[in-house]
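Chain nomenclature is as follows: A, B and C, assigned in order of appearance, with residue numbering initiated at 1 for each chain independently.
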Amino acid sequence: MAVLETTNLTIRFGGLTAVSKFNIALEEGELVGLIGPNGAGKTTAFNMLTGVYQPSEGTIAFCDAPLCSATKALQPFQITRRGIARTFQNIRLFKELSVLDNVKIAYHQNVKYGLLPAFLHTAQYQTEEVEIEEKALEFLKIFSLDTKKAEKAKNLPYGEQRRLEIARALATNPKLLLLDEPAAGMNPQETQQLMELINFIRKQFSLTILLIEHDMALVMGVCERIYVLDYGKIIAHGTPAEIRRNPKVIEAYLGEEVAHA
Amino acid sequence: MAKRFSAILQLVLLLAVGYAIQMAMDAELINRYYAHVMTIMAIFVVGAVSLNLINGICGQFSLGHAGFMAVGAYTAAIITKNPDLILPAIFTGNIRFILATLLGGMMAALVGFMVGLPSLRLRGDYLAIVTLGFGEIIRILLLNWDFVGGASGYFGLARHTNFFAAFLLSIITITIIRNFIQSSHGRACISIREDEIAAETMGVPTTRYKVIAFVIASFFAGTAGSMMAHLTQMVTPASFTFILSIELLLMVVLGGLGSISGSIGAAIFLTYAAEALRAFRAYRMILYSLLLIFIMLFRPKGLLGNQELSLSLLRESFKNLRARWRRKKKDGITAAAE
Amino acid sequence: MTITQQILQQLINGISLGSVYALMALGYTMVYGIIKLINFAHGEVFMIGAFVGFFSITKLDMGFFPAMFTAMIFCAILGVLMERLAYKPLRNAHRVAALMTAVGLSMLFQNLALAHSWIGASAKGFPQVFPLRKFELMENVTISSDRILMLVIAIFLMIALQFIVHKTLMGKAMRAVSLDKDAARLMGINVDKTISFTFALGSSLAAAAGVLFALNYGIVVYQMGLLPGLKAFVAAVLGGIGIIPGAMVGGLLLGVTESAVSAAGGSMFRDAVAFAALIIMLLVKPTGLFGKNVREKV
């Protein structure tokens, strides 16, 4: 079953077509990479998938249910609730909040108590909040961030901020995870750890993952399939080995002359 | 369970203190003037804490809080002054006043919903201008509404508000808003302040929570308006002007955006300062605006930031101070050694 | 008076009033376009402009045009100072901080004016510098010489602004900075200078609007900037904030609507019209008449 399927997804900003006829399909449990030179439209594609941008044309289907079509478009929070989570290229944590609270917010969608119990701190409030706290702590433990639960997110070192962002995204209990350059700014050792982490969460949470990345070692190392985006269009798609040999891809990355040389 | 018990015990104790103060006032152990000022302080605490929910907790920017106080004040005044209007005549005296205050709050909440929904869908700064304009609309409508006295105002209300009533309202407001902030719903509001886009991708319906926060705050502003009206025994279109909105804003900023205890402290302090500086009335607003500008320039999160005043905070800052002092001493020694 | 005559008369009144809103709206829209800030103090710049014009005429015996020019220069400098001292330090802070500073500035100017011994609380009569004449365009449709003057100056200033924005190097820099500050900086544009220039330009237009407004209504008072300031902002939103021609059209549209409402017997509610229009606009098309969908960069 296809977890995610887009057909002819297109977005225009004024006269500029940022992404055009973006067609991808992800099978359940796959780890797929989305690569391409800077400005190719990768993040824009993510923004369409998560509802931050409304596509000008095309449709998105998630687990065979439409997220976005010509007639209706879901809000980003609704898409999250359907089961798509993401991280951001330039980390967007809740900086002033504690590590624990960052994760707790992800559980917000499961909260059953209404406003009145919140005002009065009723028994229902107490039990649910305790539950949330326990779940969040468990989660932090998986990502070995539990020792820093009281720390403000902005005070974490860079690598841990990335990890917290992934933890927070996973806490929304997604089926599909979109990672936007998770290795940006990491040294090779940290990248190696990240690779292990991605492989681990994928199994642990039986996830489908779509990954934007510039670090070729990472992409080639973990992804089963790769889509290559250039100037808003998908120019190639296949296994890492196929992509490595594809002349169009080499051209896009290195320029025409090198490719023909 | 023990936690809950001690919380309730604290509340009861607080109320007992409030009631004792009221008894002292009734026995004229506290003079009339101070009693009046203290009552106003309690009402402004309600105004400032509720405004903090919008501006500090949720990160939006309202400039029309006084307008919601006006809505509550007029609604409640109409009910208490007309014995058989809106509420049946069987409700009289203080019961009628309490119900009128609640209805005043609900009316303000309803208006808050109508003002908030169109503007909160958009980026924060539209709310500022819409609420500002809304304050003007309210003023114009009241000026032209003869039933409530038009420009000269609505006079001869019974004096239902005493210190204890205002104090009780402030305790209710603080408790409910503090509880709200600690809940999942409150965290959703805070996440909007921190990063709206991230909040949305965490599954938080941001518009809904902005409106919820705005409506709750409007409700409490409305009740505060009713309290004020039944303290001064009149309401005029000039009672709740833009200047009052600015004063409330200054309280929030002075106490720290997002800090409930800060808002309480600042509301008490500024009410006191306004009384003490009565002789310099003409310059008060100059001082206020300069204060607002300087705090924003040098402490954009408000004077005290979003920290709550608590024993552990005091302990921690004391520890920091001591550590800094030691370091300085050590540096001094090393410098001397070199 | 026939219906047609009445409509024509109100159209004339509305357009001349609207031209003042448009002049002010330009300042809002340019500043918003370039640093995404609602400059709440813009209405007070309008007020200060009117007073500088007033004192230039009454105390310094200047003619009307030199007085208006003085007011424009004075406010241009004021605008630059305001930006440098109060807004620039907050350019990277939370938006709410900058907005609150703007509100603080607005209150400060108003209360300084109130406390100043030359200005005070009472309204002062603005001298009738030109002999007032009424021209009858057709039966029952008239326009006064002051209104003609107001309209002509407003149109002249708008044309001048269009020239500056589209034909000069500084105008090009303004457009570049409003599109992308960082890219503009990389292209060698002095972003700080460009922002200051924008404030100077917007503030001088507000000053001109203030003097024209005072001449037309015959009074100056410390609170005169509040309502026109708010309405001008509404005009800017109606046209699509950040879009210069939008501000002009929005201003005229608001002026005409207001005149129409007061003619229809709702003069008491005239001031409420602007805000009702704002709320409706935000509900229906928040980007304004000429607005494009702008997306926040994620």
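We take it that a contact is a pair of C-beta atoms (placed from the backbone, for glycine too) under 8 Å apart; a residue touches a chain by one contact, two chains touch by 3 or more.
A quick note: this is a predicted structure, and the numbers were derived from the prediction, not measured.
Farthest chain from subunit A (centres taken as the mean of C-alpha atoms): C. Distances from each chain's CA mean to the overall CA mean are smallest for chain B. Distance between subunit A and subunit C, defined via averaged C-alpha coordinates, is recorded as 45 Å. Averaged C-alpha coordinates give centres for subunit A and subunit B that are 40 Å from one another. Averaging Cα coordinates per chain places subunit B and subunit C 33 Å apart. Residues of subunit A found to touch two or more other chains are 52, 88. Residues of subunit B in contact with at least two other chains: 197.
Residue numbers of subunit C whose C-beta contacts span two or more other chains: 298. Looking at the complex, you find that subunit B touches subunit A at residues 4, 7, 176, 179-180, 182-188, 190-191, 194-195, 197-206, 212, 306. By the touch rule above, subunit A contacts subunit B in their complex via residues 50, 52, 75-77, 80-81, 85-86, 88, 92-97, 101, 104-109, 111, 113, 115, 117-121, 125-126, 128-129, 132, 168-169, 172.
Remark: subunit C residues 36-38, 40, 86, 89-90, 93-101, 103-108, 110-112, 114-115, 227, 230, 233-234, 237, 268-269, 271-272, 274-276, 278-279, 282-283, 286, 296, 298 touch subunit B in the complex. For subunit B in complex with subunit C, the residues that touch the partner chain are 55, 59-61, 63, 115, 118-119, 121-126, 128-130, 132-134, 136-137, 140-141, 143-144, 197, 246, 249, 253, 257, 282-283, 285-286, 288-290, 292-293, 296-297, 300-301.
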